[in-house]
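The next block holds one structure in the form of structure tokens; read it before the comments.
Labels run A, B and C following the written order; every chain starts at residue 1.
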Amino acid sequence: MTAADNGGTAMTRVVTLTTDFGSGSGYVAELKGRLLQAMTPFTLVDISHEVPPHDIRAAAWLVGQSCPAFPTGTLHIVVVDPGVGTERQLVWARLGPPQAHQEFLCPDNGVLTLALKRLPLVAARRIRVPPEASATFHGRDVLAPLAARFLDGLHPESLGDPLDQLATLRWPAPEEAPTGVQGEVINIDAFGNLVTSLPATLLPRLQATGYLRVGRHEITTLVRTYGEAAAGSAVALIGSQGFIEVAVVEGRADKRLSARIGTPVAIDIPASENRPN
Amino acid sequence: MTAADNGGTAMTRVVTLTTDFGSGSGYVAELKGRLLQAMTPFTLVDISHEVPPHDIRAAAWLVGQSCPAFPTGTLHIVVVDPGVGTERQLVWARLGPPQAHQEFLCPDNGVLTLALKRLPLVAARRIRVPPEASATFHGRDVLAPLAARFLDGLHPESLGDPLDQLATLRWPAPEEAPTGVQGEVINIDAFGNLVTSLPATLLPRLQATGYLRVGRHEITTLVRTYGEAAAGSAVALIGSQGFIEVAVVEGRADKRLSARIGTPVAIDIPASENRPN
Amino acid sequence: MTAADNGGTAMTRVVTLTTDFGSGSGYVAELKGRLLQAMTPFTLVDISHEVPPHDIRAAAWLVGQSCPAFPTGTLHIVVVDPGVGTERQLVWARLGPPQAHQEFLCPDNGVLTLALKRLPLVAARRIRVPPEASATFHGRDVLAPLAARFLDGLHPESLGDPLDQLATLRWPAPEEAPTGVQGEVINIDAFGNLVTSLPATLLPRLQATGYLRVGRHEITTLVRTYGEAAAGSAVALIGSQGFIEVAVVEGRADKRLSARIGTPVAIDIPASENRPN
């Protein structure tokens, strides 16, 4: 979309930034300065610059969580790139159906893993790194100038070779075991709430069993929202991300339950279904 | 581009966000994505996503401090909402005179307490929660889409029932006691400066007494601005918020004086006015 | 303003903010609210609000690193101002050639030291502080309203007296010594990477010597980019800022090498050039 295309009706194109540079980093400022060299107005949105350093998995969660909420045609620039300057590719990608597509500029290192689970890959292109680019900051020297050219009308078809698939990380999925369904903690938010890999569709099984196992703890209070239990209670509920979530009301579940990313969670087979051998 | 280019009209409408989601949270990104679905351009400003989790009082301070500075018609979205999904109401409110009004979308849990002290309530409406909204993220599922509809022309009159008043927190006010006037620390800023509940109008009494009591400490250096005393000095002055403030020059008053929100402060009756029984 | 109103020509003027107020500070919100009182649309960019309190040197680094990347005519507001309300001046300055000039509103306390090394001073004016301004928050009461007036067409020539030069801090430069060239750590980024004062042009000497001295450590692995050495390796390379930089691959060089701002670094004379007495 260009300014002309929207006839003055809608917002300008949205460009988002996700990095591990740290809030207030001069690297972020350099990225923004380069982007703002575009001749076409756009709306710049920071998603995060607080991704833990080099944590591709955390970036993949954040991008996958966030991108479906943005307007069609949003361009997401993701610079969590421990392999900058090595053989890893830089890519442009379009995901999702025409009425709700999202575009990305990023290293092909797995940062789109969750986004690709939510929105199908429509097109991708390899990006050539110009010889004058630094070896250590492709976000500033390659991706931001390219984004500015996209804003000003460059077509992605003019980029390098098309790609059929992108790199992805192993992503935790629930597994059926003889004792029940097993998952793990996949995200911990700023409240200390634990988002698990168990989808909301497992709620009936959770209700039948009556408790959620989190590491060595059993969470027996199942609620619809945080405020339904007393402050300090550990509760399980369907969170806003569509997964079963664990919280401590007005407290921190990660601390209370000594949980971290990867901590096992499980819904056991209900006691009534256990059969003696 | 200059003002003339766009007909000299004005900035687009300003929308601010204040949450306890944490900087770089995917929840903030989801809020912004939904807002940006508006068809009408607007200016998005982050006030803070660093409100301490569930701290309605801190949010009330921040909103009350900030909102009067914004252009007329600014829409402030405040999502510090430990009671999300329970009986607490969501509200739209308009505060202040027509030439300087501010609008709000927030839970009716006291986050507007200080704003209401600075700007009178003009109108408020209850917001209906649509049945498809999640139980845990009304910011994303109710307030942001509603804000987008306001931007696109929806009139607040189409919302739920009008409200005559909003929930407020107890807010500290100075009290006269036989020994003098008593207040407390109501905010601590990033420099460690202590903002007290004692208004600037008490300066003559402070000067007559010659010191400010802060917990067990007496601050005897009264200055006009920080740089008027040597580095390391504890000083009292009229701060930019219109209250008596305590600072340590190029240091941290909160650490030095072991002060926190609620620490008592006092201006004693001057010694010359003390009468023997 | 809509996209159509500006004919799709160009971005609006960019205004950046750099402060030590802390992310999410109400002081930042007050600054922004005042700025947004401008009648002319502009693009507001946060560079940082995480400058360490009162750290003029850190602000000077950040402003110097960032400003050259921004579009011509960008207005940078820098409020790291421990001397607010004292004799220190407030200034407006224009730096750099007409095709790439940057403008600044800031205290004249050295925050432009590095910017002035990168872009020559073209013009500067003293700013008069109006009597109604607070003594402790000139960013809000003087600089932001003035920036709004600039946006709306005020010419800097209407300000106070012209200035020929601005205050600068001592800035570390490499020094030749009998044992080699000596510098120091001038910045540490969010990854813990150490940016040194040794410019990239010293690379041939570093290669001839074969190691970089950092405090009591010798870094013997010289690479082109981080990913060229194994995780955990301490490496030296040319960083994105044009200086020799020290990193620990997927780790933190500051922690590993116990380095901080000012830690000495050196490229010794190659062993082959050492002559016995």
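We adopt the following convention: a residue touches a chain if its C-beta (ideal position, glycine included) is under 8 Å from a C-beta of that chain, and two chains touch if they have at least 3 such contacts.
Worth saying up front: this structure is predicted, and the values here are computed from it rather than measured.
Student: For the homomeric pair chain A and chain B, should the interface be classed as same or different, according to whether the shared residue numbers exceed half of all numbers used?
Tutor: Result for this pair: different.
Student: What rotation angle superposes the Cα atoms of chain B onto chain C, in degrees to the nearest 5?
Tutor: Nearest-5 rotation angle for the superposition: 120 degrees.
Student: Averaging over Cα atoms per chain, report the distance between chain A and chain B in Å.
Tutor: Their C-alpha centroids are separated by 31 Å.
Student: Out of chain A, which residues touch more than one other chain, so two or more?
Tutor: Residues 9-10, 12, 23 of chain A each touch two or more of the other chains.
Student: Residue numbers of chain C touching chain B in their complex, please.
Tutor: Those in contact with chain B are residues 1-3, 5-7, 9-13, 20-27, 29-30, 32-34, 36-42, 44, 53-54, 82-86, 88, 134-137, 140-141, 152-153.
Student: Any idea which chain C residues touch chain A in the complex?
Tutor: Interface residues on chain C, with respect to chain A: 2-12, 14, 16, 23, 43, 45-51, 61-62, 65-71, 74, 189-191, 224-228, 237-240, 245, 250.
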